[in-house]
Amino acid sequence: MTSAADANSDRSVLPITERYTLIGWVRRNLFSDTLNSLLTLAALAFLFIVASNLLRWAFVTAEWGVIPANFNLIMRGQYPATEAWRLWLVIYLLGAVVGSSWRLLSGKFSGAARLLIAIPFVLMLIPFFSMATRLNLVITAAASAAGFFITGYLPIQRRGRTAAYLLLAYLVVMLILLQGVGAEEGPMPPVAPILWGGLLLSLLLAFFGITLSFPLGVALALGRQSKLPAIRVMSVIYIEFIRGVPLISLLFMGQVMLQLFLPDGFPLVDRVLRALVAITLFSAAYTAENVRGGLQSISRGQYEAANALGLSTYQSTIHIILPQALRAVIPVLVGQFISLFKDTTLVALVGIFDLLGIARTILANPDWLGTQQEVYAIIAVLFWIFSYSMSYASRRLEQRLGVGQR
Amino acid sequence: MSEEATADEIIVCQDVCKWFGDFQALKNCSLRVQAQEVVVIIGPSGSGKSTFIRCINRLEEHQAGDIIVDGIPLTRDVRNIEQIRSETGMVFQQFNLFPHLTVLENITLAPIQVRKMRKDEAQDTAMSLLNRVGIPEQADKYPGQLSGGQQQRVAIARSLAMSPKIMLFDEPTSALDPEMIKEVLDVMQELAETGMTMLVVTHEMGFAREVADRIVFMDGGEIMEVGTPEHFFTNAQHDRTKLFLSQIL
Amino acid sequence: MQTIHASQVRPPFYRDERVLGVFSQVLVVVIVLGLGLFFFSNMISGLREKHAVAITFSFLGQTAGFDIGESLIEYSRERTYLRAFVVGLLNTFQVAVLGIVFATALGILIGVMRLSTNFLVNRIAAVYIDIFRNIPLLVLLIFWAQGVFLKLPRVADAIVLADSFYLSNRGVAIPWGIPTESWRTYLIVLGAGVIIGAALAYFLREHGKRTGRMPLVTLWFIITVAAVGLIGWIVLPQPLTLDIPSLEGFNTQGGIILSQQFLALLSGLIIYTAAFIAEVVRAGIQSVSKGQREAATALGLTPAQTLRLIIFPQALRVIIPPLTSQYLNLTKNSSLAIAIGYPDLFAVAGNTILNQTGREIEMFTMIMGTYLSLSLLTSILMNVYNRRIRLVER
């Protein structure tokens, strides 16, 4: 025992690799043994090669002139410049609605909320933004903060329902603002959807795709869980069919065949609208599978308790089952929104000028020949900023809700 | 006993049979319960006790025999099923509270949705019920924030809010830590004293001895023996009943 | 007073549980069928105006009259539409199979890197995953095709690696083996090697079952086959001669040329899918609880044994289902080939054939039927596998 005590007294100081100092950290994490040291050296070499090439390309080789010259096209396509204020108004309102519903649904100004508010500021870092754009982004951030705090002072009872109504109202207002009303010379002249483009259109397609697909998806999920075989079978067929084929084939089908399905004399459906139909039908199958996951997570006891209380199937679905199921799948649905946002790029292949479609038109312009790397890199970065920040926020939300921790 | 129910018989089960696939869970179970009577069902696990009381409010569908609750025959008629369900309350082993609703919302949901009660009225009833089960201060909490015993008391209050004539208890204390069992049993005993008709599946022999008017022993899907507590604990007739009691006591 | 025979009371049909159940199903079926019929009749009448026969597959026998850039089987513009369809299908298969193999390898590598205790290695993997999971595949593919492969020098100035790889904006020329007379014999030898290996594997497995110590069966199988292959190669007079490409004027000669479209599609799919597979692998390995590792260590298993006998079998169970869906995604995503001009199933059938014949219904039926059968086949195999694993579990 004495010898052990002696040894211990020598060890009253932590060995260097255990200490929370810079050197200790480096030793522990980078050079703990021979293999580790070799790996570190290889990683450093790899990083050096990648970083030096990337930096040389970004600051020496690349010709960034193409981006500012086409900046408005990238952002909003052919949407008239004189009407750009309407777009900003839509974005301010979005900020306010997001802030407000965050207060309604979550209640707390958590890390994820801070992150959401940070998105506009992150976007400000994009080098090609004008000062006016940056100012507008600040206003957006302010609007969402205002939405969050003002909602806190309102005496609202049914929070979930209020948030849903708020979202619906926003959808309507947004469409009116984008589409415009009244005469050509009026204060808000109409702008045809075919003129909407760029980032604006990409976001709109994803947003409307997920929103419109939601009711259909929930219905399909309930159908797939139904105890009535005919309804179950039809839901399964729809879901498995859509999930079994590539989106591109649905988009092409929407373009060439949608009109065929409609009766003669039916007004020709807009190209963008046809794509939206395909996207919605596509997304509904995935929503259904995600919601089904939530439905399966609900114990049988919940159904039984609702039955024993005398609630009808409809009542227990609306008041007991769906609220729990949907709450459980919010993070998954955010993930689905992100992948749908990325998938909207496929509309560029059916002649629609979303972010990617616009990139292709810019590159077709003789002035900008050979700038593929620059243009596509910027498109990729734009997509990356949006989907990474959304997925980061949802991961934080998930951690807070404790979902996914078994 | 005659082939016809008397006016006081609130539950009549005659030759009830139930199969799960090839397995027969209930074999010709017959039981008549008087209004205001407390009947405790005991028996080894897998003996069909739970299945039996779950047939009474149609959580399970019985395939042969008759069940009549308060004069309403339990058939495929959806109106009858609704009526019977709104007259019987049920308390589950796993509480089955709705985790996304507060305690108060748990209790008021069915009165507002099914009975079409006004919200403030329902809330008043709920508060008085919470007083009765002894946890009025928990009204605005969520089920997940309560202890097991408190949750089960909320579940009892939730069933009572529909002012049922009959209460079914499916092993209400089996999922509870030992120190919480008493608080739930106390609420049940108090409920029995008010004259509620109760059908209780339980392993709590003390409760059975003290509160039950009659005890039913089930084994292998059959009702083996029915009698008063006194009869049961001193003078059980059937061998299997004796064996069971000797194991459990 | 009431009679006891409740079960004989038949409720009126409009309140009967079963009747209501059947009725609501019939209602939904009628609505769906009605809608379907409405669309279908609109479609048929629309098609009647366009074609003589509304729906027919006879055009598949007609001469295609268009060229396809690359094909695994013999094809020319004189061949039929059906042949063209098959060419597209095989091209899809080719990309999908190669993509799956390489994406799995890269994905496992990055997934394991992600779990490394080495901070730098771990971060590199994390950054890779975060970058590629958040960029649309289509943008990545087009960037790759137009921003990288098209920017390679012309053939005359091709980048030459190790004197045998020629990188140009046409694609990459790589050395390729040309079979000689002894190739067939060599194949037979190789086949024998596989049989010997399988027999050995079977014996080892049985032996392992008896003793309870399972040897590394797969490893021994591979060693056996490789050994036989090597011996055959040495004994036989050169089964393959290596054809190394060389520059001849404005073209490369010899070897085979992998087109830039093919390479862009393949590498794009690999890079993108690997990021997702890496996450699947990481989550699978992390899903095995720390307790399992601790229990194994407490039993005195070495780290290698713990990994092989405890961690890996359990992780695999978690990994396989999402991995399969990634394989399916890759296969479906290969249809984006149309954006960069690689003639896969969708580009050939959904674009070229459809535009030439105007047969939308027929072509979409064939395309979607093909993709659907692939998906269904995979999910059936998946279910069989799942069932087997569940049996093991019990």
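Per-chain numbering from 1; labels A, B and C assigned in written order.
FYI, contacts are C-beta pairs under 8 Å (C-beta built on N, C-alpha and C of every residue); 3 or more make two chains touch, one makes a residue touch a chain.
Note that the structure is predicted; figures quoted are calculated from it, not measured.
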- [ ] Name the two chains that are joined by the greatest number of C-beta pairs in contact.
- [x] A-C
TODO: State which chain is most central when centres are taken as means of Cα atoms.
DONE: A
Task: subunit A-subunit B separation of Cα centroids, rounded to whole Å - done: 48
Task: Interchain centroid distance [CA atoms averaged], subunit A/subunit C, Å - done: 27
TODO: Could you give the separation in Å between the centres of subunit B and subunit C, each centre being the mean of its C-alpha atoms?
DONE: 56
Task: Sequence positions of subunit B contacting 2 or more other chains - done: none
Open item on the list: Residue numbers of subunit C touching subunit A in their complex, please.
Closed with: 21, 24-26, 28-29, 32, 39, 42-43, 45-47, 116-121, 124, 130-131, 133-140, 142-143, 146-148, 150-151, 332-333, 335-336, 338-339, 346, 350-351, 354, 360-361, 364, 367-368, 371-372, 374-376
- [ ] Report the residues of subunit B in contact with subunit C in the complex, numbered from low to high.
- [x] 3-5, 7, 12, 14, 64-68, 71, 73-81
Task: Residue ranges of subunit B touching subunit A (in the complex, touch as defined) - done: 57-59, 82, 85-86, 88-90, 92, 94-100, 109-110, 113-114, 155, 158-159, 162, 168
Open item on the list: Help me check something: in the complex, which residues belonging to subunit A touch subunit B?
Closed with: 299, 301-302, 304-312, 315, 319-320, 323-324, 327
TODO: Sort out for me which residues of subunit C touch subunit B in the complex.
DONE: 1-7, 9-12, 15-18, 20
